[in-house]
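Quick heads-up: structures coming right below.
Okay, so subunit A shows up in both of these, paired with subunit B first and subunit C after.
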Partner chain A sequence: MFTGFGIMAKLTKRRPLVQRSVVLWVMATALFAILPHLTRMPILLSAALIAITGWRVSRFYRNPHWLLRTITVLCAVFIISWLYEGLWGRLPGSQLLCCMLVLKCLELNRSRDAMLMVSLSFFVVATWFLFSQSPLTFVYLVTATWLGLTTMIVINRGGTEQSEIRSMFVQGARLAIPAVPLALAMFFLFPRLSVPLWGIQGGELEGVSGLSNSMSPGDISNLFIDDGPAFRVTFSDPQPSQSELYWRGPVLTRFDGKRWTQSIYSSVVTQIKPERENADLSYEIELEPHRRQWLFALDYPAIYPGDSRLGLDYQLRSIRPVSNVRRYQISSDTSFRDNRALNSTLLNESLRIPDHVGRRARRLVAEWQAQDDSTNAIMQRALHHFRDNPFFYRLDALPLLDDPIDEFLFDSKVGYCEHYASAFTFLMRAAGIPARVVTGYQGGFDNGEYFLVRQSDAHAWAEVWLDDEHGWTRVDPTSWVAPNRVQQGSRAVVDVPNWLHAPWLVDMRNQVDKIRHWWNKNIVSFNANRQSRLLQPWGIERVDQRQLLLLLIVLSVIISAIVFWWYRRVDHIQHVDPVVRAYHKLLHRLRHAGIDTPIHAGPQTVMQKVIAYCPDIRQQVENLFNRYIHHRYAAPNISVEEQPQQSNRLALARRLNSFKLPKRR
Partner chain B sequence: MHTETQSKVSSIAISTAADSQDLTSQQQLLNELGKAIAQVNRIVLGHPDAVRLAFCSLLAGGHVLVEDLPGVGKTTLANALACTLGLEFRRIQFTSDLLPADVVGISVYSQTNERFAFQPGPIFSQIVLADEINRAPPRTQSALLEAMSEEHITVDGKQRELPRPFFVIATQNPVDLAGTWLLPDSQLDRFLLKIKLGYPPAQAERMLLEQPDRQTFLTSAEPILNTDKLQTLIQRANQVHASGALLDYIQALLSASRQHAQISVGLSPRAGLALLRASRAYALLHHRQHILPEDVQAVFVALAGHRVKIIEQHSEQTPDPSQIAQDILHATAVP
Partner chain C sequence: MQRSALSRFSPFNWIVRQPRFERWLQKRGPLAPPFRIAYRQVYILPTRFGIIFAILLTAMLLGALNYNNNAALLLAFMLATAAQLSTFRTWRNLSGLDVGTIHTKPVFVGDQALFRLNLYERQGFERPILELDSGRQDINDTGINLSLAAEQSGMLEIPVQTSRRGWLECPRLRLSTIYPLGLFRAWSWIHPQQRCLVYPQLLDNPPPLPSPSTGDGKRNLQPEPDADFAGLREYRPGDHLKEIAWKATARMNKLISREEPPTAYSELLFKLPQTGSQDIEQALRILASWVVLAEQRGFRYGLSLPAVELTPDTGAGHRHQCLRALALWQN
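Up next is the complex of A and B:
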């Protein structure tokens, strides 16, 4: 046992220290692996990791004492567990892994350490998959794998020279390519869970933009800057006009003077639903993950996914948070009316306004009421108030400090959709008319075969309880101030002096979104259900998971056999000296040029023939062929190091390849 | 042109040698070798290739079988070699009644010493010309051939070393076959190369007629090398480098000879070793420290011609082994 350890120690000690070029490669691989994670880390932590990387590759680096290394590792564990209140979960887990990967570089001395770091890098790269499954992630994964494999080759060779980097990458790609068929087989055949393991947790909301379950002035205008997709819609029926596309999201009933929040009753499942038979508009939505439960739909959803519920406010909610791209079919009944009689609780909630805000607004409403008390009249007065007074629809509204209602209505008069919806709802409630704010998205961009709804299409409007016949009726005060917002989309109204919205860039983003759409449709949405129907084109209706596994094993064996065979072939080709390959190519070219070089002609014979063909460049020909002869037949020069010999060989191969016969006169 | 490039290659090769002192002495030796070849060529007119092959065989420590008609200069070649190299030379005319003792020597009872004394035969010489070897009976032939392969002979239970270098030039007449014993294939293998002289080219023959008798050249020829120098050269030839690629080529030639349709028995591994040895010597003759495929090709026909066994074809004329060896050469790619 002890002698075993002794031998192990000796073996480890005898391994040579890695060259500086290897360190650079390994550090580049590690840095590339943690790059996406850095964006999710606290800035100080990511700065520290980059600093350690920089220190390791600098020329002043010395291995720190083991005690210092241990303390650093413990610090990292402590910081992560303090930041995330524990180490459990994908965010703290992956970030701890990143820290460990970077800290490992403090003992990157031998090729074993280098190999370990690269292997760990592969793992770290794979963890990014838990956060994003976009096409860009895929490109990143492929690139990182390629870099990792190339680094492994470099480690095995003990270093590289500047001139060899390209050929290293080519070799790395050659290593990676045989894995592609196996990866494809795994993708299609590896039995899928119907729920992804990491989708269960829903608490992590950081970095995901979108609507929230409350609204205060400025929330939605922040979203306008976000050009990311919210969801995509494919209509199977003729699509409605732009101004009818109100995608219902959270309905906000409670108002505390600043924030609008959802009523606790909103999650109660409604008993009165639109009839399935009445559904007159059906479409498919591809929802980008927002880690909330709500799904978006046009009013009012009649047919919707089985794992979702329709609330009292007719907002559609999924049972689980949407943590992956989700596709669902919806049919809406556009003629349905939400005119169920309000019970006293809901009525109270829809009328309640806090006393400390909107005193001037209340006085204004009282004036209106004095003239005409009817609901319709009040509503019209309010909307005309927005249209007739100098109200502006602008993003750069000043922050409203104490009284968001009065300040907006009487002082600034500049605001975004949430200001108008909020103020309008307040005015209605002040007049004793039940009203509420609905948030969601409005409009969308016709991107060819589908409708793209961006985060910047986020919108807020109001709903007013008219009477028992009409029930809750949508009123969009924004459309009175800026009709274009509703008719042509958010971009038509707000003139943001931002280079990000240059037409060509927008166009490019739309094209990119098409790729994302394709990706979501075909790659990300390939779930357990679609997998079980994989063999349908071949007449097999369903395959269960055991059959899939069996198929995968059989296919893997076949693919591995082919790859093995291919490798052996490539191996055979690779064993041929590049110089010899170049020489034989040269012979081929000579034959093509009409110089008779039979297979049995030795190099000297060939040289004489070439000289006879073009005596002008005799010196050059002699030089080249003598170098070849020397390389191929002379005794190896022992005094010369092996490394330069390799580069000499490549240089000679290049010279042979670049040799050109002059045109014969 | 040819020699120029060759010397360039050799200069690259030689530059790798460690000891410069050694280098100059080697260069001198090679120069002297060149002079020796030139002198033999002056005496034996019109056969530069055969002369080069003879020298090649000499440096490789092998023996030569010259197969040709009488009067084309076989004896002159042997004589010229002996004179030029400064070696001892004997000629044995093989006849049908020649006994082994006539070749190797015999123990004769000496009356004065009252015991048997060994009288060395003509084989105790550095260069032996075995003329018309196929005329002698097999017993005598094998006595010579055994001596050739072993480099010593055993008479009366006592082993006697032959002088070094020991070089046999045997000749055989391919036309006049009545009353001859063809050398068995297994023994032909003892000869490193089989050379054909043939008639000299017209110009050389004209010069031959014009110039005085060859004998005067032979008597006036000065020894250029000596035993020591020759031994050093033989040693040097052994050190010529054969790269992996070249060994591949030789091996490919051997395999090709075994797969050739007209050959029943191809080249043996021993023939392969002989090919390597001869190629080394040939490379050294061209002042090179490494073998090129061209060296192998130069010696291959002379080396393989008498080693392969041709399938007898009764219907047609039996093909010429040299031609088949040439075919093999042409069909085998240089790697």
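Up next is the complex of A and C:
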């Protein structure tokens, strides 16, 4: 028995358990957050995550024992680290986060857990943007924010009825929609970092298509079917013709009989470069992230971004891997000649061919050499060899197994640009002419204001050292076999299903790319540099970050004021009883009809006045007003059954609205 | 338990207990209901979860800035602005609410005193999840909440466990809300100058009632044989049920009361020494139990304590007077 004097009762204050409806909302949010990640997961893992989610929301769910929960978490960590050989990096990191989010649901008991899960979901959504920042992700972002905020509202309400779902989404939208203009203001004005605070690792190439730093048959043909954009070009000078658009990428000098790889000299910075004054073609490139260092340019870049270097092979490399959409200005000197004397090591590399391949090819070259030994003659013989013999440009070339040179030149005779570039370079080297393979993109699609270069425009060609006057000269053996490839673009020679070529589809895809372009230009590639030039359209050349911050504060205050005003309005419109609103409208109509209804007059007084005005519908008026009086003034009944139903309310409002005064005779 | 220990030593609670804080609050508007919560009386601070959320957002922001990942940056800004806008809605959930008076009823020690707070929504929009708490460790005030629809009123009850007789001051109450996002808590202080009377504890097995006051002998305790119609009068509102002469009522077809209480009533006068307890508090408990018992059995009873004299009577009002005297005696 309680007898304590001054003894404080010790209470354990425990928050109540969350309702089932809250669990459903939270799980929906979590599932929406991991949805894009599921596509990149091993199928079994994603199936397991979905199964756990399903089990959690099912009626058979019981909280598992803590030991089981711990084991499950450890299993998840183990599986991920086993799959990806470690936990560091974008892919394992984000997938581990997904697993943790889903496994947290086994501990979803109180609203605290629910709130934590929603915040974690936001984080998972953010990690998806490491993989994709397309315009579609923006739609995803807004939807995820909306859903997450709505779930937070539901959690704080302690659950919802089926009928309240719509109104919950409306409440969520009332937070999410006004957040958009404010967030955009912050986006453009919040001080950016011009130098990253900590290192950015590159080298993770999973899922990013593009050229690689080596080439073996089949590499580029995989790109042909990829319609994704590689980069976009906006020319400020008159644009060159299609056949001149050779976008220089990795230059491959070493050949081991199967693969072409880059020489170590390509990372040495060249001392001789085109003069800035000679630049005669300037353009801007918007490069989709490929997580490699190289930047693309037309031969030969004279003015290029400060954080990039021009190698000995005139390949432009950025200091950091391109992990975001990158825009850069570039100017090329089209008349520049790379004709300085070759140093011996580079020369050696440009001549070296492995002994075990291309024996027949070497014999063929020896035959040519016996007839005419000049460089020019050998080159012409080789190119004519491709044109005069039944060589075909086809994508479905058979894999070349043992000797990619001889098998291609003498047996299959079917191949695509990389086969031709590779074989031609080999022939040149066999004849003692320095040669190398250059990969990159060729051509592009004129999409109105800019040129779109797709992954499928990937190309490989050869460069041959002619003499001290001409230096390295581009030779594209593919153009001798399939001239259309160079003149009309990759589409002319690639066999894709016909319907993919339907004009409306191509047109639509080009339109979609315009949106992407706009998005990349204005949102994705926005950075500290662009930020400082933000006010240029208004004649302010540069703004520093303090001024931007000031502007942000001013703008935020203005936008917040507008939003607050909007909230007040919406609140009143939404929440005033429809009956009251209808009654006030009725009073307004009565006033118009000449019945004096002062503000202080109660419904009884008004009713008497209306009856005096039109005594012949007395019954109807009394009926209506009495119902209104009952609705507004009857003693509130606590019991649920007798509370005014929403439908009754609406019916009364409708009756009030439809009440019409008879015309006075 | 660990949590409660933490919050007991929180600087916030320390500030709240300072008298200077109380004076500062007083300056900002009325604390004793009834009043309408003005904008100056609504305070708002991030909740514990709000701070966790802020840390999370900062991490997201730093990562996005570092990698210049603009989509993630946009998400962080969206969430930050939504959180900022939610402060307005949270504030609005309280501001303009009418706080009615606080009601309470006397209770016995060991029972819970209930302070009832009436709230009236007159601004024309819904106010979900208004929570009431006292910030005190000994009061079980978790989960006391109420949602008001537009133009609706409601009541919140805060139970306070009683441990001693006398006046129990209503603690300073905090009417708060974390709606809609749970990132911020807006609250208003309510300090009702209201107190609840706590009667001494009732004993489960009190000693038997003392025998009727034999010593006085002023009144003949034996019922007179034919007193049926002696001193009858018509019923007056306020007459106790026991005063109604049922036989006469049945005969005369209207309510008849006795002028004089029937002599069958024993007249009891409770005194401290009768309890036989040396402990004053225990004695008061016994007296309180006797009062309740005597009232139940329909006796006339009185109370004679040093400095307090209540002549024998009966009825709810008298019972309260007696219990009140016991509750406040030498307190």
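The criterion applied here is as follows: the second predicted complex is superposed on the first by the 454 of 665 C-alpha atoms of A that agree within 3 Å, B and C clash if a C-alpha of one lies under 4 Å from a C-alpha of the other, contacts with A are read in each partner's own complex, and residues count from 1 in each chain.
The rule is simple: a residue touches a chain if its C-beta (ideal position, glycine included) is under 8 Å from a C-beta of that chain, and two chains touch if they have at least 3 such contacts.
Predicted model, so just to flag it, every value in this text is computed and none were measured.
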Subunit B versus subunit C as contact partner of A:V580, first or second or both or neither: both
Which superposed partner A:I165 touches (first subunit B, second subunit C, both, neither): neither
If touched residues of subunit A are counted for subunit B and for subunit C, the larger one: C
Which superposed partner A:H600 touches (first subunit B, second subunit C, both, neither): first
Common interface residues of subunit A - those touching subunit B in one complex and subunit C in the other: 580
Residues of subunit A that touch subunit B when the two form their complex: 580, 598-605, 607-608, 611, 622, 626, 629-630, 632-635, 637
Residues of subunit B defined as touching subunit A within the complex: 1-2, 5-6, 8-9, 12-13, 16, 241, 243, 245-246, 289-294, 297, 329-335
Subunit C contact footprint on subunit A (complex, rising order): 1-16, 111-112, 115-116, 119, 122-123, 125-127, 129-130, 133, 137-138, 141-142, 144-145, 149, 152-153, 155-158, 171, 175-176, 178-180, 182-184, 186-187, 190, 192-193, 196-198, 200, 323-324, 523-527, 560, 563-564, 567, 571-572, 574-577, 580, 636
Complex interface listing, subunit C residues touching subunit A: 1, 3-4, 49, 52-53, 56, 60, 62-82, 84-86, 88-89, 92, 110, 124-126, 128-129, 137-140, 142-143, 147, 149-151, 153, 161, 163-164, 178-182, 201, 204, 281
